[in-house]
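Below are two complexes that have chain A in common, paired first with chain B and then with chain C.
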Partner chain A sequence: MRELSCHQLCFSRPAPGGRTVGILDRIDTQFTAGSMSVISGATGAGKSTLVYLLCGLLRPTGGEIRADNAPVSRWVSAHKDLWRKDVGIVFQHSHLINDLTAFENVILPLIVRHKDMKEIRSAGLTSLERLDVGHLAGKPAGKLSGGERQKVATARALCTSPGLLLADEPTAHQDDPSAAHILELFAAHARNGNIVIVVAHDRRVLSGKMADRRFRLSGGNMDQIK
Partner chain B sequence: MNRSPQKRSFRPNIRPLPAWAMRDLLRRPMETFFLILVLSLIITVSATALLLTEALSTTAQRILADAPSLVVRKVGPGGWQPILAGPAVSSALAVPGVTEARPRLWGVVNGPDGPATVVGADSQMHRLASASAIRRLPEKGEAVAGSGIQAESDGKLNLIGTVPMAFTVIDTFSSQADITAHDIVLLHPDDARHILGLPQGYASDLAVYVYHAEEEAAILPDLSTAFDAPVRITTRSQTSGYYSAAFSRRGGIAFLSIGSTLFSMLLIVWFVTRERTGRRHEIGLLKSLGWTTGNIVSLQLYRALLIGLPAAALGVLISYGLVFAPGVKWPGYLLFGWETSGPALYLDPGGAIIILLELTALVLLPFIAAVLFPALRHAAAAPFDLIESGHP
Partner chain C sequence: MIWHPFSLAIVMVDALALLFVVKAAATSVRVAADWSPGSSTKQQITLETAAETGAMSARAAFGLLIGSTLVLVVAVTNVFPGIVPGAMCGTVVLQATGGNGTQAFMFKLLCLGIFYLWYILDRLDRTSPDAPLARMNAKMLLLAAPFAILAVFATFNTLNTLNSLDAHTPVDCCAVVYDQFTGTRGVAHARGPSDHQLVWSFGILTFLLICLGSVGVFWRKKRSGLISGTAAIFSLAWGTISALFLVRVLSAYTYEVLHHHCPWCLFLPEHHYVGFALFGLLGLAVIQAPTAYVCHWAGLAHPGLAEKSDRLARRSLAAMIFFILVFTVAAAGPAISWRMRYGVWMS
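== the complex of A and B ==
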């Protein structure tokens, strides 16, 4: 994927009393391959909503999202499902399946992308090793700590080498060395010609030197920080 | 609790989706085992009922294939009367279309445990011996008995007809002939005539064979007027109707079990549907990770087949054994009240295929639908809503 862009992107939610609550308001921006962007904002600013919109899990209430100039936000679900094969997501709450092992959670996206279990196994283990959690491969996800779950979720997102990587608070439960390592992996992924978007209010992410561009989400608007 | 991935189950060159479906089932081994067990039990009950009714129908058809086209019996004011064999054969053969007419000696006498059907072994009965149903035809004072006729410990068989007589049992009919020969005692023609009180030259009835089965109805009017005395003629189709009615009624008892089977099936469908509905979050997560609706439906289809096919194979195998295994006695007891043996039942390939189709429609398809439908419904829903449904 070379470019992901938002055009007059709006999102609002229905609220009690027939009202709607605006969350994102006419956002115009673009993310290009080879760069890592960091989006910050206060709690409730709509950062996670933006991640869900950018990966096509939510449909905008106004405007559109284009990937390589194709209006992905207007596509039917079946087309978006296929497009999402080139997207990796690190969810804020990890979203691991507790009765699967860490290794099995990591290979979930690979099952439908590869035809050989050998390749899948190798890619899954490599990805866990890159996050320094290879030793947890056989441990059930339900027994992992918050930080370990986050690393496994990150390994899952990176193992397919996606053209678009979206990460929602990926370092929230990490100590400083681990946070730095994760951000370095993201930066390396971006340098390999992919789009990386990190959403965080973690100061280590915001103050780090890894990001090529920084944005601030506030009052439904997103502004680039110089 | 660490489990090394090196020791885990995936083997090379296995297609990932079926392998994952298997792994998914093994996540809940007790539930998987329970589903296979219950489904195989349901299939066993259904298949047994279906096999039994189909086997009865097939067996009846085989019996009737050897039956005469028409059976002529003389009737008088008191009911059935012996027929004068020689003139009756001549009269029947004079009717165009009749290829063979054979006088038969048979009747019911009192045996050791109840009524027994005595049959005189005429010259045509050598076919029984050649078909291995018996080793040889009985001489005077000898008898060949069906499995339902119990001789004394010394091999003697006491029968009471118009006169009491004792015979030495030299052989019993093979189990293949049991459904027709269960209560039959085959005697030398002179012995049969003696115990039944039939004068020399007389027969119990006349078996008439025609060239084409379709001609039975056309020959019937000519045949009924060909004899000097009034006769009652039974066609093969009438006999067929009798057998069908009798077997259908008895087979229907077994078929009733399908009602309870279908109720069990509904419970399974409810259980599976509820279990699938509880996995909305997982389906939403899979979609967010790049799984398409087709991938999710395929996974569920593999799951359903991995449970359904072994259960079906096991159920069909058990039910086949219950109905057709040598020495199985319960069908004989259920259908005919036989306590000592079971009938040899037959199944033709066409009937077997129909049963497999019926089982697929009755059990497998509802089960697969119960697995697929919730998955399809959730896979088509917005992934965000599904993921949020399992928000920690």
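== the complex of A and C ==
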């Protein structure tokens, strides 16, 4: 993926009394391959909503999201699902399957890509080891700590080497060295010609020098601050 | 009076299908009127979501209508003869409904045919992410909706009539057959084309359709619309002639009785429910050429889909040839077997 852009992107939710609450209001921006962008904003500013919109899990209520100039946000589900194969997501709450082991969770996105089992095994273990959680491969996800779960979720997002990586608060449960390591992995992924978008209000992310561009979400608008 | 469980099942499934049809039709009206793919306004995005859910509703309605039609055929042929006095097969059951039953089947088949064409177009539409056939599909759904509504109401009337029958008045099943022969006009109507004419018509139309289908499948040049359009017209004629040929000529070899021209007895267990397979194959064979024509038409309207629609049209024509051959073998099998065993045709 060379470019992801938002054109007059709007999102609102229905509220009691037949009203609608606007969350994002006519956002125009673009993210290019090879760069890492960080989006910050107060709690409830719509950062996670923006991530869900960018990865196609939510449909905008106005405007569109274009990937390489194709209006992916308006595509029918089947095509959006195909496009999403090139998207890696680190969810704020990890969304691991508790009954599966860390390794099984990581290789799930590889299985649906119909890759060779040997290749899947190797990619899964490599990805876990890059996050320093290789020793947790056989442990059920339900028995991992919050920080470990987040690392496994990051390994799952990175193991497919996606063209677009979206991370929602990826360092929230990490100590300083782990947070720095995760951000370094993201920056390396961006340098490999991919788009990386990190949404956070963690000061370590905001003050770090890894990000090429910084945005701030406030009042439904997004302003570039770097 | 308490309704028969089969009647209740059909009414429930039909009512559910009707809800989905109404939902899909309401969306289709909006899509047909306001679809604007170039715009990314809130109205268009809402419409895109509605179109997707509308298509899901239409698919649900299609599936439910197929299910209710199958259950209705099973009920008319194998269940209701038990509650209609003197009935041995679906013929008397339909006569007892006073024309409602025939109407119900007619509307249901028409509706299923249009829904099938819509389903093919919807599949074609989904091959492209920007849904170029959305407006065309909406119009197709709007065409199917009135037939679906009529089919559901005719089916309800059919079941209501059967439910209010006086089960204590004996009726002779043979009266139905004799009713057809009241006066010379009736005899002429019942006879229709001779067996000889039916055999020749069936043979010629089958040969023509196989030739047209083969040309459509293998000819790489243009004018495939002309071929599939001609095949569509011929296939409708072939369907009518084949049904008559099956009932008037070939069924004798299944029943092993001459002059029992009843289509519904083919659905009975003593004849191994062969009617389901034969009429099912007949329906599948008939719908393929119109499908090919509709695909060709969609390809012309949207050049971006030309290659895919052409592939689908060829596949439909190939399927038509396959179903025609399978139907011919299945329908004529008992006759050929009879001829080989006894050395004569039943005529």
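By our rule, the second predicted complex is superposed on the first by the 225 of 226 C-alpha atoms of A that agree within 3 Å, B and C clash if a C-alpha of one lies under 4 Å from a C-alpha of the other, contacts with A are read in each partner's own complex, and residues count from 1 in each chain.
In this text, contacts are C-beta pairs under 8 Å (C-beta built on N, C-alpha and C of every residue); 3 or more make two chains touch, one makes a residue touch a chain.
Since this is a predicted model, take the numbers as computed values, not measurements.
Using the contact criterion defined above for the overlaid structures, shared-chain residue A:139 touches chain B, although it does not reach chain C.
In the superposition on chain A, no contact is made by A:183 with either chain B or chain C. By the touch criterion defined above, A:210 lies against neither chain B nor chain C after alignment on the C-alpha atoms of chain A.
Touch criterion not met for A:54: it reaches neither chain B nor chain C.
When the shared chain is aligned, chain B and chain C each come close enough to touch A:78.
When the two complexes are overlaid on their common chain A, residue A:118 makes contact with chain B while staying clear of chain C. Here chain B and chain C are compared by how many residues of chain A each touches, and B touches more. Contact with neither chain B nor chain C is seen for A:165 once the two complexes are overlaid on the shared chain. By the touch criterion defined above, A:8 reaches chain C but does not reach chain B. Shared contact residues of chain A with chain B and chain C: 59, 77-78. The touching residues of chain C, when paired with chain A in their complex, are 40-42, 45-46, 48-49, 52, 126, 128-131.
Residues 1-5, 7-8, 10-17, 19-20, 23, 27, 282, 285-293, 295, 380, 382-384, 387, 390-392 of chain B are the ones touching chain A in the complex. Those residues of chain A that touch chain C in the shared complex are 7-8, 10, 59-64, 70-72, 74-80.
On the chain A side of its complex with chain B, the touching residues are 52, 55, 57-59, 77-78, 81-82, 84-87, 89, 91, 93, 95, 97, 99-101, 103-104, 108-118, 120-121, 124-125, 135-140, 143, 156, 160.
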